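Across the two complexes that follow, chain A remains constant while its partner is chain B and subsequently chain C.
Moving on to the complex of A and B:
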């Protein structure tokens, strides 16, 4: 343990209201501590700069999975284990379930939360690409009230989010129309080893076909830019096209402009770009399979 | 031969304690008044220490602070060449080199303090790679950067080139590898002028630590005591390094007058302690048209890091194994271990052999191709046989049959069918498949006269409960020492397994039976266990307390009677080299090892052309290891070694920047998980070895040798790509594919 523990504080508010009041009392001073699977790693390494936290793990208001005709709504504290064991999720949102099953190992899946994965804002996180493709929305709450925003565009720059210092993510909502039978879905995490890997590239894509043509496509990628990216231009040039060599080439040309992979200690820009293009091709070919 | 324990899957002696969490590792132990110790390390790879500054925010008067000036004896880690200081004095030669030690009761404050020490170091030009060192870009050690060199000569290789039908050259490289034992390095020390120095800790070789502390404190032998606590893995990583951390804790204890515990966290353990030596091997081989080896010229270089540590011995083993299990009349092997400004590389399972065997077994495929033979047919024509000689001119006196191992391995792996099927299917497949193999040998025990100089001693002692306790310095580090020793002794004495105890290695209580390294514990030390046990029985029988034929109860009674009458019963046995072993240390010629284990490993791989990820899909490991003493543990050794070999080949990439490992976390230094390991099918051929206990040879390191070349040979079979460097990461595989299609 490289952190100086006496310098840290951890509170346990009795309710969501109390938590929000604490947040509002000094915006930016207190931060939520959910499953702790990101925070504890930083603490252990002596790299957790923020010092004051409050636990939200016990706040039932932030838990649970609800289904309506239009939406599936997940509490921010939904764990990867809960996600994967939900029947509807498995049927309609398989990419998110695969992402969950490939996140960490069982201990992490029992403890890590979807809200934490989003708010940790790592460009290498594995659920965000799937969330973007599914057109997810976030509910942000504060003592001032609650609001829904689209998840796409939530991450504005490395570790920057459209969330005020007094806000929390309370729920994540997935429109059921964005998935389902007429959508073909493709998710692939590339991490060199099969489990317990941080993504070198994470690809999520979905497309709806009609008459042998792509009616609509959505693509999002992780680990290829300072934030998870939504490849909107790549997706939009696919509209109305058939899958063939030209389409693949055109889409790859767009993708090159939309992602900005880098060299780091896990991989190279070159590899990330090449594999991204390969996965795009494979995604498009999979629409025909 | 009918046996009761040899060849039986006896359960681990300490297994119950371990799985129930009762086993006490060093970090489970605490002592009254104990302080925690930390190490301040150099941030630069090479330079002159100008000043040490202490941030005034920290209450320094509460701390024990130790620098080179506080060393009571000699400031070096006594090993082979005494060049490595415990604490850098004026010069630093690698990043992470220890400069100053701190101790305090509050481990959190200690950590703050460690970060509050500023080392002002004037940088000197560093050398980071083996090539730069070999080219003497800068002289950083001795006169020529060379820690050690060897020359092995057999026949006259200079005469073969002119008459060769083919001359095949190749260059092969291997990277560093982290041992990644589960338990990080840790010790507790108590030290003061009255009682001397006592150290408890996680280690492989208590007597190495003992020897090093004698010099560090300039104290007599009996004032130094070293005790091994339950140890969570070593793989060579706890061979020489514990002498360093033990010395540090002892220096802090000496100065503070209190017990001091130092436990490295994973990040420190990975960044600062030893790793496998990176290597470069160049081969030049002369062959005839019909595929017979005429001559081999091999140049083998390992990167030793900043200090000599065990590089000479690692180099030796790598050198001797460099020409493999082939019969070649003319061989020259030149090798050297060179210095670089990175933390010293050290012992790691296989000890140089995995490096040179990787090169050889890749090269043999290349030579086969040049001649137009399949890899197996080319090898078949050159395998060494009984009566023929190795590169060091050692006459093989065992009935070795490598070809039979090949056939067995091919049969078990369906090699030929797969090769044919994959060749057909790969045409159109996105995921390419392939099979490949490696054939190799590994010598057990110390090299050459090593065992003769060691003169290991093992004791057997009768306990008041009427049991026999084995006294040896060889450590249980997860590999099964306790169990094997108990099996050997119980078998020799005709006792029950439970009647044998194995003493905790403690230099105050056990004789020096040598280090727990070099696949020697079962074969060499196990034999001494057998003879010490037999001589204890002899004493009982001579004293007429035990009849010629007896039951286990009779034996216990005899022990108790003996103790009642004479007080104690201990008997010792010392190593005697078998008469036929003949080794010339000057010429590096003769019987390098008492025995070799022989093996053929087959890997099946898949290569995904979308992601350039290679995976091992199936693995067959066939080996001849003498008599297997415990089949469960022996298979475990092989499986573990193969898994570690798969990591070495496809996953484990030490990322260096400025002479430091920057991916010193398990998140970014990736080792394979169980999901990445294929079924490993282990098959033993057993040919009892006359000088091993129950006929056993050593096997601990063998499985580390074969995976890497077998996997790269399989990748070559799958893709046609000739890849000669490990680790082979997807990024490099991508580049290789591009080169091919450019």
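Moving on to the complex of A and C:
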């Protein structure tokens, strides 16, 4: 069923300040509209329940990629295309660039934004696992001010987030120390076909090695629980170990306790669990390569 | 068309942009899909609807030089933008080299996907005049075709690259 268009509003505030005033005027009543690649699909399917939106697409305050010695900071409107074409992103944060390059095809990458991917809060989204592994932080702004929070823990339950109704995501910050040369990074999305496919499983892992031992590891997965999962227990038992059969087995045992894959129309729980364990093994073996 | 009610009319907006180089004032509901506005208001019916959900690329247009799916763009967001549709690809009677190549290889059958395929190929060759096979595959990955089996489309793009001076 197509949507009844007169029922929908889409404002175009002149500035971020004006947008934030609109949000504050009636918290919960207005919602941001970025690249529309999630919202327009819902609209077209007659499933867009919320009616009042304001476009942020034209707000330059929410665009751009900035570099300091410590961080790379991405405007919430950074598109998948912009993300991949940034030299520093490609060098230091390849997992996010791969996630971007595998999100839809070019036309989607030209419109889909990182902020939209986060706020849409799909458990199958492809950038969240990489963001978690990188220790990303989010800047939330409202008419009351701005605050930075850790991205890990932002999603509290299915489609629930630590964001107030008068706030929006303005920037995403990646600490450069969490990536770079001494970290080996591994990202895999398992979908059904190459372009456009929604993930069945998405795995992001990074590890720092010293003397052939894993000094520190971080692992995060998408599509294996109602929200993106940070596999902290699996990662922590890897600390101080060498990659061998025993380590792989121990990590897999831990992962089984940490993820709760589900059956849905894209895949089954059994398949997802098996693929997750295989990806974990492949990640660990990749550290040796 | 039935007369719009007062309430509906008041919910409409007028958006200013350029379409294929000409100034345009588009009127419609703010959430109307650019796809529908182009086809119904401007009668630019070269832009097709396949899926209506961003999967097939039949509705591809350029906005400010970037290829997008017009089924996913609400009218309100083209305020001030430069829109180019398939109708803006040929110059007068002269087809673009890519369009010629589609004819030569038989890259079109029912033709529904063809405008989008041409737009994707234009986008690809604009950015990369010597694409590899895998560049071509990636460039067309967002476009579905139910008729040709893709090979003739692929050949059309290869052929268009061989024509000297691929230009729009």
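Before moving on, here are some points about what is shown:
Assume the second predicted complex is superposed on the first by the 288 of 289 C-alpha atoms of A that agree within 3 Å, B and C clash if a C-alpha of one lies under 4 Å from a C-alpha of the other, contacts with A are read in each partner's own complex, and residues count from 1 in each chain.
Note that contacts are C-beta pairs under 8 Å (C-beta built on N, C-alpha and C of every residue); 3 or more make two chains touch, one makes a residue touch a chain.
Please read all numbers here as calculations on a predicted model, not as lab measurements.
After overlaying the two complexes on the shared chain, residue contacts for A:70 are found with neither chain B nor chain C. Contacts of A:46 after superposition on the shared chain: chain B is touched, whereas chain C is not. In the superposition on chain A, contact is made by A:36 with chain C only, not with chain B. When the two complexes are overlaid on their common chain A, residue A:3 makes contact with chain B and with chain C alike. Of the two partner chains, chain C is the only one that A:104 touches; chain B does not reach it.
Touch criterion not met for A:17: it reaches neither chain B nor chain C. In the superposed model, A:267 lies in contact with chain B only, and not with chain C.
Of the two partner chains placed by superposition, A:60 touches none, neither chain B nor chain C. Of the two partner chains placed around the shared chain by superposition, chain C is the only one that A:81 touches, whereas chain B remains out of contact. Looking at chain A, you'll find residues 3, 5-6, 41, 44-45, 194-196 touch chain B in one structure and chain C in the other.
On chain B, the positions that touch chain A within their shared complex are 107-109, 111-112, 115, 265, 267, 430, 609-613, 651, 655, 662-663, 665, 667-668, 670-673, 675-676, 729-731, 734.
Remark: chain A residues 1-6, 41, 44-46, 190, 192-198, 200, 265-268, 270-271, 274-275, 278-279, 282 touch chain B in the complex. Across the complex, chain A meets chain C through its residues 3, 5-6, 8-12, 33, 35-37, 40-41, 43-45, 53, 55, 57-58, 81, 104-108, 110-111, 194-196.
Residue ranges of chain C in contact with chain A, taken from their complex: 7-8, 11, 29-33, 52-55, 57, 60, 66-69, 71-74, 76-77, 79-80, 120, 123, 138-139, 141-143.
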